Amino acid sequence: MRSDGRKTNELRHVHIETEYLKHPEGSVLISIGDTKVICTASIEERVPPFMRGAGKGWITAEYSMLPRATGTRNIRESSKGKVTGRTMEIQRLIGRALRAVVSLDSIGERTVWIDCDVIQADGGTRTASITGAFVAMAMALHKLFNEKKLSSFPVSDFLAATSVGIIEGSGVILDLDYSEDSNALVDMNIVMTGTGEFVELQGTGEESTFTATQLQEMLAAAEIGLNQLMEKQRDALGEISSLIDKRRAESGTK
Amino acid sequence: MRSDGRKTNELRHVHIETEYLKHPEGSVLISIGDTKVICTASIEERVPPFMRGAGKGWITAEYSMLPRATGTRNIRESSKGKVTGRTMEIQRLIGRALRAVVSLDSIGERTVWIDCDVIQADGGTRTASITGAFVAMAMALHKLFNEKKLSSFPVSDFLAATSVGIIEGSGVILDLDYSEDSNALVDMNIVMTGTGEFVELQGTGEESTFTATQLQEMLAAAEIGLNQLMEKQRDALGEISSLIDKRRAESGTK
Amino acid sequence: MRSDGRKTNELRHVHIETEYLKHPEGSVLISIGDTKVICTASIEERVPPFMRGAGKGWITAEYSMLPRATGTRNIRESSKGKVTGRTMEIQRLIGRALRAVVSLDSIGERTVWIDCDVIQADGGTRTASITGAFVAMAMALHKLFNEKKLSSFPVSDFLAATSVGIIEGSGVILDLDYSEDSNALVDMNIVMTGTGEFVELQGTGEESTFTATQLQEMLAAAEIGLNQLMEKQRDALGEISSLIDKRRAESGTK
Amino acid sequence: MRSDGRKTNELRHVHIETEYLKHPEGSVLISIGDTKVICTASIEERVPPFMRGAGKGWITAEYSMLPRATGTRNIRESSKGKVTGRTMEIQRLIGRALRAVVSLDSIGERTVWIDCDVIQADGGTRTASITGAFVAMAMALHKLFNEKKLSSFPVSDFLAATSVGIIEGSGVILDLDYSEDSNALVDMNIVMTGTGEFVELQGTGEESTFTATQLQEMLAAAEIGLNQLMEKQRDALGEISSLIDKRRAESGTK
Amino acid sequence: MRSDGRKTNELRHVHIETEYLKHPEGSVLISIGDTKVICTASIEERVPPFMRGAGKGWITAEYSMLPRATGTRNIRESSKGKVTGRTMEIQRLIGRALRAVVSLDSIGERTVWIDCDVIQADGGTRTASITGAFVAMAMALHKLFNEKKLSSFPVSDFLAATSVGIIEGSGVILDLDYSEDSNALVDMNIVMTGTGEFVELQGTGEESTFTATQLQEMLAAAEIGLNQLMEKQRDALGEISSLIDKRRAESGTK
Amino acid sequence: MRSDGRKTNELRHVHIETEYLKHPEGSVLISIGDTKVICTASIEERVPPFMRGAGKGWITAEYSMLPRATGTRNIRESSKGKVTGRTMEIQRLIGRALRAVVSLDSIGERTVWIDCDVIQADGGTRTASITGAFVAMAMALHKLFNEKKLSSFPVSDFLAATSVGIIEGSGVILDLDYSEDSNALVDMNIVMTGTGEFVELQGTGEESTFTATQLQEMLAAAEIGLNQLMEKQRDALGEISSLIDKRRAESGTK
């Protein structure tokens, strides 16, 4: 039994509030337990210099925390004048993950900017960011599609992320909160599609190691959580979900 | 009549949600029309190097906007590697304003860090930040006071801020939204105490000028708005308000 | 009586030396008491990217202090690798103030770069910078006008700045030197045109506040000083003054 | 068959030259095919501020490429004034991996600085860095141990890293060179101990995904390569290897 | 004959105005032709970290140009956020040169900060800076000596700098102005003591080379100029000169 | 006699290994005693903005040290976020020196990027860099010439650099190693062409001075070393040497 009473393979309470802000093309506030992230998707009508003229689009992400999202105040990266390694790793991960389920050829020479701003942190901020950003991105691309700016809907599958880990005594657990994460021997983030394929898998022994058997147990626990998260995404996206299903079916037959 | 139907001396809808985040010592979400700012107050048990050993405290503020708080996406200051002049001006203003109503001698060698993060912008973000930050700060200091870490409650008056301006055709208006602000000939921010004294007064002709008479009209309009904002603060602070009133009465007799 | 024997509404000795440097299109050394600032105006034949193609010009300012302009040596901002908030505030103020009395439409797609370098500081460096920069700018624009590059002289009024403040015991005083500024309860900078209209008004209680009555007293003291400063500008500018007067008269009749 | 004639589960030629430089406490030049990395280990007699007083040590890594390690010249990170996200990710990975097989408690308040400088790049620079850095680090720690500065030898297992991937047509391959890496659908880096446990596992679909079955195939291929790499490490370390074996045996019995 | 009518081995007009600013411990405005540099010397009562506890002092220099010291406006290094290579080279040269004639052991754990700010540039700014900075430094150290903070006067010789060069057609010339410097085939800066010994000698062929014979001619021309510059320093320093002479005589006998 | 047994005018062992890396157009590993530098030359098919359209080429250099090239670890300049003054001075020197023997008009609008990365330092890294970079550059330009991209071979003379110095007791010595350099009273770097003309001459008294006679002795010692270094370059360049000789002969007759 975990400190908050959850079973080892139980997610925290998940809530995705859509159209959270008025300006962005897509925006959600995702809450997973006490972790709360504002995810926005903005459409820019051009691509970075290295991609110009290729006729395809780009998806890129930025991630940040409010200084007091955490138990003690963090110095702003703007005050430090540079972005930390942790932030860079996370924003590269978010962008890479989202690009795996979008046909960049279908969105034209546009950039989708994803911004994930953590307003309250309690573990799992990067996986909550991916899960929430997927919804914001799908809404923003749907807006473009609705405005007839895209000839086909470019999102070909659902995409969600969660964490699993190994805790001394408890063994494998799903969706670690901050206190669990701090004590984990092994920490693994998994990004998966609706079809059940891996997009990203990052497992790390924290001054520790893990065996092939433990890896299998962690993958199994993650799958349970990821399917539930994708149900929440489906609810949040409403009728956009059927467009995704349709694209997935089409891709599958190729 | 203004575009949203307000009278010239009418504030937008104001809402102050307290204890908005779980980690900070004080936190509010302040909404003034569509402008929404998360204001937090964090207590740090030390002061900046230039103040050490003086036995008194310090209050400092940081201000930022989410990239998509605005109609088009702004580049993050952390990505640029530096804070813009506008941001610096605003955060210096917020800190200076708050320090005017707090007895720094009474808070010991502590720093109160104010963070104002604009999640949605529609004009008046700096004045909303001051008005919200005052509430977050009072709550954080009250927490210290409650924990018997302070011998007296250090906040000696209410403090709120608003904007007034002059628009071609309409004359003087109160609480400009973004579209009004963009068209204003003159823009003035006023920070006032509960006693009706000025703490800060910044009036700027935008490629324009203003007369002494217009100055008086603007001050009069501001006073109306500021009194209403302080009523909202009073409601949000509940019983803490009477501690402020008590301190104000004591200062008055000195 | 003030420490240097001045009356409360008396300026320090003012001197404006024109054509101080050989390279800039306009340059002055302005001395106000022991405060000495080199102000130069440089004409660049293009505007910043955000203004290109609009057919109008831009005026922008930079401000700096020599490391030993002050009583103890300051670290250069170039060594720190960044410009402080105070510097940014001042240079934004100088640029904004000057733009209020120049017709940007009349100067074509050119930038006037104002550089204010304080070589000796004794209070009031920002207001001395504005007062001196106005003269340097008018001379640089007159040079363009003389070379037939402008169809009309674009400066439509005089512009000067001074400080007023409130000192415990002395009450309202004009043109604060460094020691007065350090002790002031309230500090106000006022930028005014030759017509007596305000361009900028920045009043700040330094851990203090001020009443509406005190505000009026400060404005009255400032006006006395500003009129004297504009006389000094008029002398320094010689025949260029009549071009300004002519433009002011024309604007007035519109 | 691969472009260079290798079988799918065949490593490139591996060579580890020890004591490559005269100043560092440990140094190797590791060559894996045309990828060449200078790895050094430096002992600093203190730990970072956040660890002071805890009585334990720290291991941290930095990674860089010479500008012309690659086919086209890269701009130096020192010229850019900042370290890229890719570099940060790699150096965090190297440090984390090495810390998994060293008892930080046994090295005292010292930092082991690992520097991996790629002088020629042909794919797999991060995994070559880890494999080479392990040897440099073991030698530096052995030097400390020999000088009687450590009471026990702190390295408790071997540690090596390699890459596996999936190429359209070829399926799963081991130890990707640059041209293979550029075309891979999936790219996975695996860090493993001598005991065959995972320390780090990072698999990424490059705008692609992978199934659970493919994951197993990749893990199997990696194991073959990692065992061969650890044989090379064993040869390079000579008698130090038996100290590691001894420590591993001791840990195993706990 | 040179463009300004000077002979090949003739200096421009030299003027050294002492006590130019009121705050610094030593300050001069040096003019060499149209090149004008404010040189200040500030005493700080500590040394940089790498020298603490050694009981000796340090001399360090910073160099900068006002943006409009030159024919076209230069971007401020504070705006760029970094100091250029040229500036660093010059400030390292100034500091190194001055340290050659001061007994660092005699000044205690103090730093002499030299600031050379070019307000108008017409060639030879670095050599003018050294020549002027010597005077400012000697005055600041004399002030310390007068206040009985030093047991002996620490400046053991005069020190001045000038440039020589080779111009197509004219051959070797002394003290190049900007237009000459731009056209020089060879440019050499020479720093010499009152005793006629070299402290620094930097000769550079600008996409050109020079022979041993030309080197001798340049050294001869430089010597003429340097002796005249040291006469000007002697006049500016007044009675402090005899303290330097005395120290030089003492050193000579050792 | 020197600590390593060399005579005062004896070079350390010199070795130049060509084609050291596979990617760059030219690359060498130069060893002078224990000083080892990787020098590469890269051809970029464009010039910096300030040279565009002039129809001529550019040569620029960057210099860096591995963190553990030295006895104690140096912080990377990429971590510091800026390049030190020493590095800037050295890279400016390398570029300037090489440009003196190349006809920039003959290489078209191309940039030759020189990278000198010190992998082991024992004094004389800047002069070893110049000597090695000359060979790498000549090879890269020869490659262009061979590919018929240049109408004539643009290198018109050999170019090498060495250091000389004065040591208390030993007098003038050639090619200082690190321990000698640390103790030298005077340190001079000399860059010379195959014709025996100076390109650069930088002599510095380290808190010391030198006489005209000592200067002559140092120049004589340098000449001996430089001729030997150019013999090594000639061997390393093989048949390219005769192209240089041919160009030199042609230049001589002009």
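The chains carry the letters A, B, C, D, E and F, assigned in the order they are written, with residues numbered from 1 in each.
Methods note: a residue touches a chain if its C-beta (ideal position, glycine included) is under 8 Å from a C-beta of that chain, and two chains touch if they have at least 3 such contacts.
Keep in mind that this is a model prediction, so the values were computed, not measured.
Shared contact partners of chain C and chain D: not a single chain qualifies. Superposing chain C on chain E by their CA atoms means rotating through 180 degrees, a value rounded to the nearest 5. Taking the mean of C-alpha positions as each chain's centre, the chain lying farthest from the centre of chain A is E. Work out the mean CA point of chain E and of chain F, and you get 29 Å between them. Separation between the centroids of chain A and chain E, computed from CA atoms only, is 61 Å.
The geometric centre of chain D is 35 Å away from that of chain F, both derived from CA atoms. Rounded to a whole number, the gap between the C-alpha centres of chain A and chain F is 52 angstrom.
Shown for chain D are the residues in touch with two or more other chains, namely 81-83. Chains in contact form a single ring whose order, set by starting at chain A and proceeding to chain D, is A, D, F, E, C, B. Across the complex, chain F meets chain D through its residues 21-24, 27, 34, 38, 40, 42, 44, 62, 64, 66-71, 73, 76-83, 87, 113, 115, 117, 119-120. Considering their complex, residues 82-86, 88-89, 91-92, 96, 99-100, 104, 188, 193, 195-212, 215, 219 of chain E touch chain F.
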